[in-house]
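To keep things clear, I will list the structure first and then write my remarks on it.
So that you can tell them apart, the chains are marked A, B and C in the order they are listed, and the count of residues begins at 1 in each.
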Amino acid sequence: MTRASRGSAVVMTLYLLFLLVPIYWLLNMSLKTNAEITGAFSLYPLNPTLANYRTILTDPSWYMGYVNSLIYVVMNTALSLAVALPAAYAFSRYRFLGDKHLFFWLLTNRMAPPAVFALPFFQLYSAVGLFDTHIAVALAHCLFNVPLAVWILEGFMSGVPREIDETAYIDGYSFPRFFVRIFMPLIASGIGVAAFFCFMFSWVELLLSRTLTSVNAKPIAATMTRTVSASGLDWGVLAAAGVLTILPGALVIWFVRNYIAKGFALGRV
Amino acid sequence: MARITLDNLAHSYSPAPKGDADWALKPMSLTWRDGGAYALLGSSGCGKTTLLNIISGLLHPSRGQVLFGDRDVTTLPTADRNIAQVFQFPVVYDTMTVRQNLAFPLKNRGLPADRIAARVASVARMIGMEDRLDRRARGLTADAKQKISLGRGMVRQDVNAILFDEPLTVIDPQMKWELRTQLKALHREFGHTMIYVTHDQTEALTFADEVVVMSEGRVVQAGTPQSLFDAPAHTFVGYFIGSPGMNLLDAQIAGATAFVDGTAIPLAAPYAPSAGRVQIGIRPDAVRPATEGLPFHLVRVEDVGHHRILRGEVAGTPFNVVVPEGEPIPAGFDRIALDPARIGVFVDDWRIEPRERAA
Amino acid sequence: MMDKPVNNRAWFLVLPVLIVVAFSAVIPLMTVVNYSVQDTFGNNQFFWNGLGWFQEVLESDRIHAALGRQLLFSAIILAIEIPLGIFIALNMPKRGFWASLVLVLMALPLLIPWNVVGTIWQVFGRVDIGLLGHTLAAMGFDYNYVNDPVDAWATIIVMDVWHWTSLVALLCYAGLQSIPDAYYQAARIDQASRWGVFRYIELPKMGGVLLIAVLLRFMDSFMIYTEPFVVTGGGPGNATTFLSIDLVKMAIGQFDLGPAAAFSLIYFLVILLISWVFYTVMTAQRETP
């Protein structure tokens, strides 16, 4: 028993080290000046400085990147959930013409390579005047987030007994009132999990968000790539920007940590 | 196979138990003879699962000893105890066939292949699964799966005991009866020591030679089904066993007479006076409608087929009377007569014996 | 599941999804199909080209090479991440404070924007300023992911393992958590070995989540774009030019719309086909009586 658990502890320590050391290295660099980074090699900042962070937080072309990213991520999450909730309810409660095919077709969209869609998206959104807006990116990310949200929510909804719906209708609830007042609170953790995944995939995606924006809605991730190619060697600022992109994700995980395992547990295929 | 002795056993889930409530199992001593069929009966949370886990080695007791034969197994892990267990939900190895499931415990113990094949064949016959030996276990019904997990236990000839943890919970009602009959037959034929945990009195009373009734972490009575019915040692047993349960009335005792709400009721023998809450208890089938005796207020009659239950009140306490089929119920009766030989006397919930027998 | 009532009005509930997905998937896909069968001499004048582009793509050595690299990459990724993820899941603490902490730390790489993942490893592997590159150089290895194709592959594979193994592990962990204790107790009674417990209890019970893990890891590794693009830009030479990188080069870099569109459709179909094969094989295995 004890030998086995000590073995597990060693495995987990090594694995977590493997995960955390590269992140630590980014953090380490973000606290150094460029001179120190390219100068003597050191495992920790000898003269820690917040100058790189100051650069980012005082320059609108930097910090607006964060604002833009957050705007379209939140828009996407809200949009995905808003359309996925009724659809997931339909899939979990009723059979209807073509339901299985429709469900499968939705899931295939999750398998579509964003690279395939980059150019057509660009043309489509340019044509309808949505290019370089937050809503364009939010809509584009629906490509993979809506199927995912429908799938996750359907799983949670199927866990709620149908008698609850029937009782509510007998008690005289209308469908919208029942759905919002009774049903949604019941699957609150499912909504949380779905929101988490939407947030996550929208936040980490770059190919589409970069293709669909130029200035006004440019995401932080894209700002980083441009700055690298332009100034080439501003490693400190790059690292600081990277560290700042990790923070929202870390915060979100911390809040949903008790639901993560549950969200992943939807192993019903 | 072996005798099982629980010696001064107690268990608490908290590392430093303080009050009575911290003990999931209060100190108990019991001996179960080799080859007996025993049931642990009690409502959920009474400690019966804790006791079972201690016997199976999943838990190590805070105090006391567990002996298999003369061997102290208190701290031995499950694998070294040589027991078998059938769980509440069927536990089978899904990806294996029935045959592989049955052979698995023997294979792990390194038996030669021909011995394994012979044992598997005979166990398959015992549990009546010979025709399905090469089916994958995943697709079988719940009762078939329970038979497999029972078979996995019986396939080892030297098991000390077979433990059953509410094994019929997920079985269809008609299969429940069949499985229980089969279990009983297997016990008669092969004589394994069997310990059966349940909250269902019918299961316990029909299965076991001796039933151990537990309540709030305490063994309140251990005895044959008949003795639990006739002479419950505790009001809990009286109430829990029997349907409906024993009627209990607050009373004062003077010698061989009990007084309930001012009415005198003769008892079979005189009792010594005692301090504390005194109650008399009587089974509903030992009461008859009468023209004189204890005042009874009838509320309703339930016909349950082979008898009728009269639900009513005596001195403000719910009271049931069972009238056998065919016997008429006198119209408008308001008194009942109690069979003196079947009245029990309880002080602070525990049964007391009459004076001369106690002496 | 079986006794759901038939109600075709449920289509109204699905309508919003259809509208959104039509806008974000169907119309763009139609554009792709449209391009794939037409040719242009510029000035927005198109003419019918039949299956010409498809033929060109299917015969293109460049795309064959990219497809070969992509298949090799996905195969390596699955071969490493699936067993490693299972192994990590088996070693994760089951409950308590450590379980929460480990969960959170493990999920961290999953929430880092993909180009930042690329940046982290691009920096980490540099011999002059990165810990990994510096350490390897100090140990006497001639490591340089910019010039050496093998080093570039190794870096990208390690990066992907770093990035995604946690996803597999978390899925398997969730599957393991759902196994009732009685199974482990039964295995103890039957004196099953540790391997026996894994082979006959844990692995079968993880079947469902494992299927999801394999599908997700296959799809996402097959579509990988951002991370290797940031680290190697597809180089050295074309050594790490995977399908998506090649496609973006073709569509946006060279603006070869027709071939790029035909390429896109074939690409999409290959993913669907391989996913379907995985799904069928893995579920068939589970369902055999």
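Note that contacts are C-beta pairs under 8 Å (C-beta built on N, C-alpha and C of every residue); 3 or more make two chains touch, one makes a residue touch a chain.
Chains and their UniProt names: A = ABC transporter permease subunit; B = ATP-binding cassette domain-containing protein.
Here the structure is a predicted model, which is why all the values come from computation and not from measurement.
Engineer: What's the fewest number of moves from chain A to chain B, given that each move must go to a chain touching the current one?
Structural biologist: Shortest path length, in steps: 2.
Engineer: Report which interface contains more C-beta contacts, comparing B-C against A-C.
Structural biologist: Result of the comparison of B-C and A-C: A-C.
Engineer: I'd like the Å distance between the centres of chain B and chain C, where a centre is the mean of that chain's Cα atoms.
Structural biologist: 56
Engineer: Can you give the whole-Å distance between the Cα centres of chain A and chain C?
Structural biologist: Chain centroid spacing, chain A to chain C, equals 16 Å.
Engineer: Looking at the complex, which residues from chain C come into contact with chain B?
Structural biologist: 180, 182-183, 185-186, 188-193, 196, 200-201, 204-205, 288-289
Engineer: Which residues of chain B touch chain C in their complex?
Structural biologist: 56-58, 77-79, 83-85, 87-89, 91, 93-96, 104-105, 108-109, 135-136, 138-139, 149, 152-153
Engineer: Within their complex, state which residues of chain C touch chain A.
Structural biologist: By the definition above, chain C touches chain A via 1, 4-11, 13-14, 16-17, 19-21, 23-25, 27-29, 31-32, 87-88, 90-93, 100, 102-116, 119-121, 123-124, 128-132, 134, 162, 166, 170-171, 173-175, 177-178, 206-212, 219, 222-223, 225-226, 230, 243-245, 247-248, 251-252, 257, 260, 264-265, 267-268, 271-272, 275, 279, 283.
Engineer: Under the touch definition given earlier, write down the residues of chain A that touch chain C in their complex.
Structural biologist: 7-8, 11-12, 15-16, 18-23, 25-26, 29, 37-38, 41, 43, 79, 82-84, 86-87, 89-91, 93-97, 99, 102, 106, 108-121, 123-124, 139-140, 142-143, 146-147, 150, 158, 200, 203-207, 211, 220-222, 224-225, 228, 235, 238-239, 242, 245-246, 248-250, 252-254, 257-258, 260-269
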